[in-house]
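Chain lettering (A, B and C) follows the sequence in which the chains are written, and residue indices restart at 1 in each chain.
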Amino acid sequence: MSTKEIVLPLVIVQIVLLILFCVFGRYAPPGGDEKYPLFQDVHVMIFIGFGFLMTFLKRYGYSSVGFTLLLGSFIIQWAILCQGFFELNADYKIEIGIESIYRADIAAASVLISVGVVLGRTTVPHLLIMGLIEIVVFSANSYLGTKVLQVADAGGSIFVHAFGAYFGLAVSYVLNRKKKNKEGSSETAASLAEANYTSDLFAMIGTVFLYIYWPSFNAIELEGSQKSMAIVNTYLSLAACTITAFAASMLLTHEKKFDMVHVQNSTLAGGVAVGAAANLMIQPLGAVAIGILAGVISVYGYSRLSPLIEKRLGIPDTCGVHNLHGMPGILSGLFSVLMAGIATEELYGADLYSVYPARDATTGRNAGEQAGYQLFGLAITIAVAVGTGLLTGKLKILEF
Amino acid sequence: MSTKEIVLPLVIVQIVLLILFCVFGRYAPPGGDEKYPLFQDVHVMIFIGFGFLMTFLKRYGYSSVGFTLLLGSFIIQWAILCQGFFELNADYKIEIGIESIYRADIAAASVLISVGVVLGRTTVPHLLIMGLIEIVVFSANSYLGTKVLQVADAGGSIFVHAFGAYFGLAVSYVLNRKKKNKEGSSETAASLAEANYTSDLFAMIGTVFLYIYWPSFNAIELEGSQKSMAIVNTYLSLAACTITAFAASMLLTHEKKFDMVHVQNSTLAGGVAVGAAANLMIQPLGAVAIGILAGVISVYGYSRLSPLIEKRLGIPDTCGVHNLHGMPGILSGLFSVLMAGIATEELYGADLYSVYPARDATTGRNAGEQAGYQLFGLAITIAVAVGTGLLTGKLKILEF
Amino acid sequence: MSTKEIVLPLVIVQIVLLILFCVFGRYAPPGGDEKYPLFQDVHVMIFIGFGFLMTFLKRYGYSSVGFTLLLGSFIIQWAILCQGFFELNADYKIEIGIESIYRADIAAASVLISVGVVLGRTTVPHLLIMGLIEIVVFSANSYLGTKVLQVADAGGSIFVHAFGAYFGLAVSYVLNRKKKNKEGSSETAASLAEANYTSDLFAMIGTVFLYIYWPSFNAIELEGSQKSMAIVNTYLSLAACTITAFAASMLLTHEKKFDMVHVQNSTLAGGVAVGAAANLMIQPLGAVAIGILAGVISVYGYSRLSPLIEKRLGIPDTCGVHNLHGMPGILSGLFSVLMAGIATEELYGADLYSVYPARDATTGRNAGEQAGYQLFGLAITIAVAVGTGLLTGKLKILEF
């Protein structure tokens, strides 16, 4: 999996985490237990879902699951601390409870998404460094977006999926140029994948658990009727996306079989695409429509765009993250702009102010302003992700 | 997995679903959140349980999981609509909430059971058509049975398992005759199964998740003490059935090994057999006893009856659905007749009227009448399943 | 998997269970439903977690999952009865409800731990007999420890993990001597393991599900703030342990790869080690620290101690249970002694008396006394486990 060089970084990292937990970590006051079953669903998505989904890379098969366990275990500790620094209590302590751990898992999703872009073309220590940096930026950007700008993004399509995808793509761009300059050539994403019957079935464990528990991912921050709506919307969007992805896969491939990459990935684009609007009044129709759109875009991306992006822009994307998290994340963000623009108290009742807290009397935003903030939040997230991703890739320590 | 012919049906189907959701779909009022964790258990059963259980067919290995994802995604959307048409609100809209989605998953179980009968001997488009028709009949029959006739069937042994099994067997009968007439011979169920070490382990993922979450399947419609009883009864019935199935497997096979088909399937017959009586006062003894009986019947079915049914009646049954869902479903139905006949207020207290709503003052059914309705519900379900299954198999479009 | 000899024992066992459920089994009064989601998590750990973790033994691959299903199904019925005999109601009946079934699953964990020691070196009937005896002793020892001595052990590190490990090691010691005397040689644990790419991935299914749901295992007996603390502590301990186990694995092996056995097992030692202190005021720092310690001890055990214990003491340990459950269990027990000794009302508030019921006014234990009881509980558990394990191994019926 990697050379002995990794021992020292791991030891240092875990000792630093220990010290930080000693200085800053305290238990949160009781509460949040009702979120625990949904947290467990998300936990399965992170460690089983992402872990097994990436076994499609046969020669990294085992490592993808073991590696997800290792990287995830580091990221969740680090994310508890980073996210906690933005919400220190009066004694300058981080209060750790159920909310901290499910938010740490969500942060881990963002890193695992970025990892999917460069997987197989870099080493474990480099991925740890990338994750270390990414979580800092992720936490700051999420805080800025959700707390300062008050952008509504229940399922994290903007701050988790789009962020993770574009951060990873930016890192991949720089790494690929470094490699070309050094070796004169670079390994293509396609050359890494050597799926077979067995590895495809293992990957389907990941796909199906992600499909099953995605409604929990999109609903975990919500309560009451918004929670039920997010569950129903995600359920419908994924179902519609799956049918569409299978059909599009057939249309866009020359063979007479479904392309396994589409089956394993594009079927899930509906979960991303409905995310930022999962708790909005999109109605079952809206959920199904966005699922269909996501399925088409994602399969099109895998079969047409990704090869172009690799060839023309020099950005290899091992797992096709751009097609599962990138474009569907932007789609979701744009949809959330539209929905914010037409949100009225008539449509939402009193829920309007829990969906869009900035629209209450104190801040007094109107629908158009909220739509503007949604768009601004999306744009700044992509800008931050690309900018910090490029810088991360340029770090001397990441000389591959 | 299939030819390009499937693209158009998939596109049409998803567009029609979109239009129907547009015209009829609305959010349900808040509520039902407490069912969400049990729904997720059932969701795992449908997509992981059924999907992986069917990987025992080595040459369909991958497709069984991917296909379950595709078919399931279609069926759950269609089932929400079909079941909703029987409960339109005052504005002629279907109210979609947590209840709709777990009921859609249960409906999908019934189709996946039927699919198990004909799996490997038909094409994906044909299975979609079969599912399309089956859900209409399933929804009508369930409505008739549970709402009109007020038959008690907490775990769906009658309306889901027996229905799905006999519908599938009827379809299989017709398809097999069509094939024989055309080709002069037909592929036997046995010839399709080419299990090996790896595919057996994948199948065990399905088996074990079905075993684990079956108590949730039988308890999801229940509340309070009935819910706990259904959980305990299903847990005990499955455990007793497993021991029995292993023993029976040894007795009835000539080899010195357990037959993997029995291990993967018959161990689960206890979940089906206890279903219709899961919330009844059968006591732990009753749960264990019915589990033992189910294990014996199921293994006997696999090793003795199924080959006869294929040879004499010309009904191949790829997954041995008759032995896991058919006979145990009938057993459960008959057991529910018996239990209804001896149900008194003394035994059940006030719960009697939530178990058997028709026995309250308004309808005024007595124990014997309720037993009669249980028997009638079982008989009519099998008749409807067989009748509509035969008609479905005869459809010109299903010329295999 | 085994010869026909197993049929009769299985039939007898299931009939005896049936009779015992008939005579003693009744439904518990309503209640305990809020534990059901956590029970389901534990249920996955037992049947998926343990089942797949043991597939690393390639040649026992399939059987490990099927066998876990068989043995587990027997043990959970038997454990409901054995544990129930210690809490008969006024009518001398065992009241069976949600609490009974999650406690039965926990008891099954203890037997599966012991099985891990002797796996691959004994037959199915012998393992059934071992489990039969072990559950009796387990139930008595747990009752003595938690109810009579009032030892606090929320996550079962002492009464489940340490007990199961040392019982199994004692059985293994005797069996190994019997075998040597008979055959002149004995099969080493190492010779049984023939892991490959595929079996390693299957084993990771077990590892990752155990990792994911371990917080539920440690929290299932708890309520309110203790429950949240147990969840957070277990989550952190496992994460820290995983990082440490990967680093230690690199340091202690000569190859340039992580040792899969460490990745699959030692990563989980943090769950065991934090168990007895999971609901104590150890703070996030304490959880991380104990996770680190557990990771080091466990990997050291696998790479250095286990070969010595096999060679010098003649105790083969197929799954390295001593390193995952034995030593981390003792570590947890000792940690619980320390924590009990410093527990004050100032630190715990009113929770002190729910954490340590014996410290209330009636019994009036002080901190030092409670610490003494914790140590005594740990010592007596190991003594009982070793003693009864030796006797079990010596049984004539277990002539291998």
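Definition applied: contacts are C-beta pairs under 8 Å (C-beta built on N, C-alpha and C of every residue); 3 or more make two chains touch, one makes a residue touch a chain.
Bear in mind that the values here come from a model prediction, so they are computed numbers and not experimental data.
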item	value
Angle of rotation relating chain A to chain C [CA atoms, steps of 5 degrees]	120
Interface composition of copies chain A and chain B: same or different, split at half	different
Centre-to-centre distance between chain B and chain A (centres being mean Cα positions), rounded to whole Å	36
For chain B, residues that touch 2 or more chains besides their own	37, 198, 205
In the complex with chain B, residue positions of chain A that touch it	37, 41, 197-198, 200-201, 204-205, 207-209, 211-213, 216, 224-225, 227-229, 231-232, 235-236, 238-240, 242-244, 246-247, 250-251, 256-258, 260, 263, 267, 283-285, 288-289, 292
Touching residues on chain A, where the partner in the complex is chain C	1-4, 6-7, 10-11, 13-14, 17-18, 21-22, 25-33, 36-37, 40, 43-44, 47-48, 51, 55, 61-62, 65-66, 69-70, 72-74, 76-77, 96-98, 100-101, 198, 202, 205
